[in-house]
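Have a look at this one before I ask anything.
Note that the chains take the letters A, B and C in the order they are written out, and that residue 1 is the start of every chain.
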Amino acid sequence: MKKLSVVLAMVLTVTAMAGCGGKSTESTNTDTSADTETSEGGDENEAASGEMRDVVVMVKNSTAPFWISTMDGAKQAGEDFGVNVIFKTPVDTAEGSGNEQQSQLCEEAIVSGADAVVIAPVDSEAIVPATKKINDAGIPVINLNTRISDAEQYVTFVGLENVNQGYDTAKVVLEKMEGEGTIFIIEGSTGAQTSIDRVTGFEKALAEYPNIEVVAQQSANYSRADAMNVVQNLLQSYPDVDAIICCNDEMAMGTAEAVDAAGKTGEILISGQDANDDAVGAVKEGKLFATSFGNPYMQGYTAVQAAVDVLDGKEVEDFYEVKTKVVTLENVDTFKDE
Amino acid sequence: MSEVKEGVILKMTGITKRFPGTLALDKIQLTCERGKVHILLGENGAGKSTLVKIISGVYRRDEGTIWYDGQEVNFRDVRETMDAGISMIHQELNLLPDRTIAQNIYLGHEPMKPGQPGVVDYKKMVQDSKNLMGSLGLDMNPNTLVKKLSIAQMQMVEVVKALSKEVKLVIMDEPTSSLTNREITKLFQIVEKLKRDGVAIIYISHRMDEIKRIGDQVTVMRDGQYIDTVSAKDVELPDLISMMVGRKIEKMYERNHCQPGEVIFETHDLTGYRFRNVNIKVRAGEIVSLSGLIGAGRTEVAKAVFGREPIEKGSFTLFGQEHKKITPTKAIKCSLGYLSEDRKTEGLVLQMPIKSNLVLASLKKTFKGGILNARVEDRIGKKYVEELRIATPSASKLAGELSGGNQQKVVIGEWLETGCKFLIIDEPTRGIDVGAKSEIYKLLDKLVNEGYGILMISSELNEVIGISDRVYVMKDGEVTGELDRDELEQEKIMEFAVGGKGGTE
Amino acid sequence: MSLKTKNRIDLISRFLILLVVILVLALLQPNAFLNASNLSQVIFQQAPFTILMAFGMSLAIISNGIDISMASNMVLSSYFSAPYFQNGQYLLGILVSLGVGVGFGLCNGILISKVKIEPFIATFSIDFVALGLAYVACDGVYIYGFPDTFRSLTNGSLIPGIPNIALFTILVFALLFFVTKCTIYGRALYTVGHNRTAAGFSGIRTDNIILSVYVINGLLASLTGILYLSRLNAADPTIKGTLTIDSIAAALIGGIAFGGGKGSVLNTVIGALVIMFIRNGMNIMGVSTNWQQAVVGFVILFSIFYERGLSILMAKFAEKKK
């Protein structure tokens, strides 16, 4: 009885997690494994053999709006180009365990006979052994969103340049400050590549404005609640800060609430990244000064498109850059259509 | 075995041991001779266990000298004393339940295959175990898993384990506390054999009758002090008792038998886990004993009546009300109190104050409206500390700080406070000092004279004979006999308990 | 030394730890840390969430269990009820939130008391179930923006100077303190924590007591969830954050020991404040978040050694008195 309940609970959990992806389809087709040997060579006949090709898309998690949008794009591309898009995502979003699960999913992809693998690694270094296995199995790897540290591992990279995205957003904020004042930087989880890149971009922009001083730089773990506490605490030391630049929108929204609680809405410029729906709404309301649209839908779409090109033996570029767009009050209603 | 079969093997003088805040041993002396049984006698807390732990290397002394086997020694740990031929049989069982008897006996010194160090010679181990047990007159299969054994059999495995190495000195810490008479006889045969082999034995016991039966010398300790060493043959038991408790105990078992009242408890073909068709009854004003060997199903009957184990068939009547199913909460409402044999885990909450334990079974009755009242609790605490003469400076002390006898009084008080009229008491004096025992007996006597009915489960025959009005004897889950007060004799009880003439072979 | 004196000494000494933390931070940051606005912000705005969750954790630990699932239960109940609060259907929102929270609490309680699964394993599994369902329900869409009436639940003040959230926490504290310390239910809870078997033999319905603890935790999780919605102005599964760990840490630092029966909800408040002040102080000093984790870890370790040292000291003192 005891054991049964535990098992039941586990099953429930797994079902819940699987359901979480919502759009994932499990491949049961194992026959394709024979084809994968030749697929890299881009045998045209293969496509004509009637067998739908499987493109495995592995994103960082299936819970953040950003990735859900990415998956939507990938799915659309799958329909447009006639390939099976199979999603495999880790349940765990933490650095270490997330990577472990992704590595396992890579092995699963090989076993299930994927024709191409699109991957956005949780940990850009630690994923290398797993991608090596995929390459060894003769399956092409398309790198999405976050660069794998070893460029040998992927055929092409699809994504935005996080450094540029950070730079563009920061630049808009710093310009608005007219080149003077103090700011906080709110980082994401320590060690996360996106956070590191975006901060690098912030710093690049800051170098152009010598009269702007970073008075505090702290991590809020990409979490709304953490950001609210951290910013409330920081405001105690620096109540007159002019701007707060955050590494994602969840934290920017937490920051906005902290600023609101301090009665300083409108006085402090807040910026986020990713253009989540609630953040875009906040830009409209004037609670947030800026966020940045990373066009996740386009990222997902382009990645699958690139995968199909590779399978078809077409020439592919090293880098498909998906352009980002800074969203402010000026373009908040139109940025998606531009 | 050693060549020398006579003479002193162990001599300890001026042994002192301090623990933070207490002087556990104060200049104790002890001399053991080869081929002799030296009995250590003393109440709980007298320091016997500390002393033997120093001998076996568990503790190190603070002061004093130890001479062993002709030289002054300074053992640092158990391994060293084991190598020197000192072996200890612990009171609590230290066996691995999921290993076989043979694996347990040779645990830590398994015979290795010749030329293959690190590879256990299992065949040899089993054969050696068989031989060893055979030489000690035990008939058990060495391949049996220990968890399948009865407590008494496990205790015997402990004995065999202690003797599986070459020994010169064996320490036995209350080895008979969980043995039945049959096994006690066997153990004493082993002791005789060891004596003939010239092995010295230090024997800790609470049981007075054992002293005369196997003892050569007796050393009495009290409160960490050395009192005296006397010859077991010449000393009178009452003298030993007064040496132990520091005062004279007039009479161990004192009863004022009264005219029993109406039947307050009766079972009707009660059947459950490990017992069948039990029909017993208890009247108000009676102490009725449930006797028998360990494992005869006595405790199971009690637990079923209290609702801690299921009743499969039959029923029982309590104060005129018939029950087929019951829970502890309901049993308490029906004026039943149950004192478990395992006071420390099933009776008391050791980490709570005495007064809180006293009100534990009657929370709803004592605190109307569900709100605690410190004053009421203090009053109840004070009342029982005085009435039952619980030896403590205050009822706010933790129950765990009390001695066994006083803990038992707290549990009795807890049940009296519920207003119950019928008590089931399982092993009322287990682990309780001689001095405190007679107090418990007096208390039980007083209760039945006030109209309580008491069903007592006891493995101590002296106790059963000493204070019962009536005795039921159980064997293998069935009641095999009923004896009245004037028929009570050890022989007769054993006859019913083992189902043959004479329980001791 | 009586138990009461011992507990009192223990509590006072825990309070001293809190004072030391505050003192050190005040010395290091006399301006930014030691001012009314910062202190009230930590005590009245940030700490209540950790305190409320730690109350539940403490009750579970006192009953010799543990409740890993509270934070996820909070996330889930807040997520399901968020749309109703957003539309101003407060009663419905509260009912949904309580239904989810108490429902999962009941699951925990039944698994632990009736099916006899270890509390850690049972709540660990329920933790996954609740968080997983929350992500399913969320599907990447954050519910954002609540009516001002709802938001005044946390940022308003019925009593001037004390935000409602703090007032609520104080009320919960008073209620829990009274129930655990002054009623026979509380006595039964502590008894079960110390020795479940003996409690059963004394006629206490141990299963029901244990079941009730997890139901209360579900209730606390659901109420905390509502307050979180109001504070963050959003329903977002990431708010689970470090709440589980923080509430265990708060209980331990406050002096509620694993093994059951020890400590009270007052200890919990002290423990939670220690953690929140450390986090606040280190933010102010600009120390990285990772260091905060390490420091909280050190403080937990310290409090365990402290606990041992304290009991040895008290034993020695009691001997001398004799």
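Heads up, the rule we're going with is that a residue touches a chain if its C-beta (ideal position, glycine included) is under 8 Å from a C-beta of that chain, and two chains touch if they have at least 3 such contacts.
Quick caveat: nothing in here was measured; it's all calculated off a predicted structure.
S.K.: Which one of the chains is closest to the middle, using the mean of its C-alpha atoms?
M.R.: Most central by this criterion: C.
S.K.: Among the chains, which has its CA centre at the largest distance from chain C's?
M.R.: That would be chain B.
S.K.: Which of the two pairs, B-C or A-C, is linked by more C-beta contacts?
M.R.: The comparison resolves to A-C.
S.K.: At what distance in angstrom does the C-alpha mean of chain B lie from that of chain A?
M.R.: 69
S.K.: CA centre of chain B versus CA centre of chain C: separation in Å?
M.R.: Centre-to-centre distance between chain B and chain C: 45 Å.
S.K.: Please work out the Cα centroid separation of chain A and chain C, and write it as a whole number of Å.
M.R.: 33
S.K.: What residues of chain C sit close enough to touch chain A in their complex?
M.R.: 29, 31-33, 35, 37-38, 41-42, 45-46, 111, 115-117, 121-122, 125-126, 128-129, 132-133, 135-136, 138-142, 144-145, 155, 228, 231-234, 236-239, 241-242, 279-280, 283-284, 286, 288-290
S.K.: Touching chain C in the complex: which residues of chain A?
M.R.: Within the complex, chain A touches chain C at residues 1-2, 5-6, 9-10, 12-13, 16-17, 19-20, 22, 62-69, 190, 216-226, 228-230, 232-234, 236-237, 250, 253-254, 257, 260-261, 276-278, 281-282.
S.K.: Provide the residue numbers of chain C that touch chain B in the complex, in ascending order.
M.R.: It is residues 2-4, 181-188, 190-191, 194-195, 197-205, 261, 312, 315-316, 318-319 of chain C that touch chain B.
S.K.: Write out the stretch or stretches of chain B touching chain C in their complex.
M.R.: Answer in residue numbers: 20-22, 306, 308, 328-329, 331-332, 338, 340, 345-353, 356, 360-361, 363-364, 367, 370-372, 394, 396-398, 414, 418.
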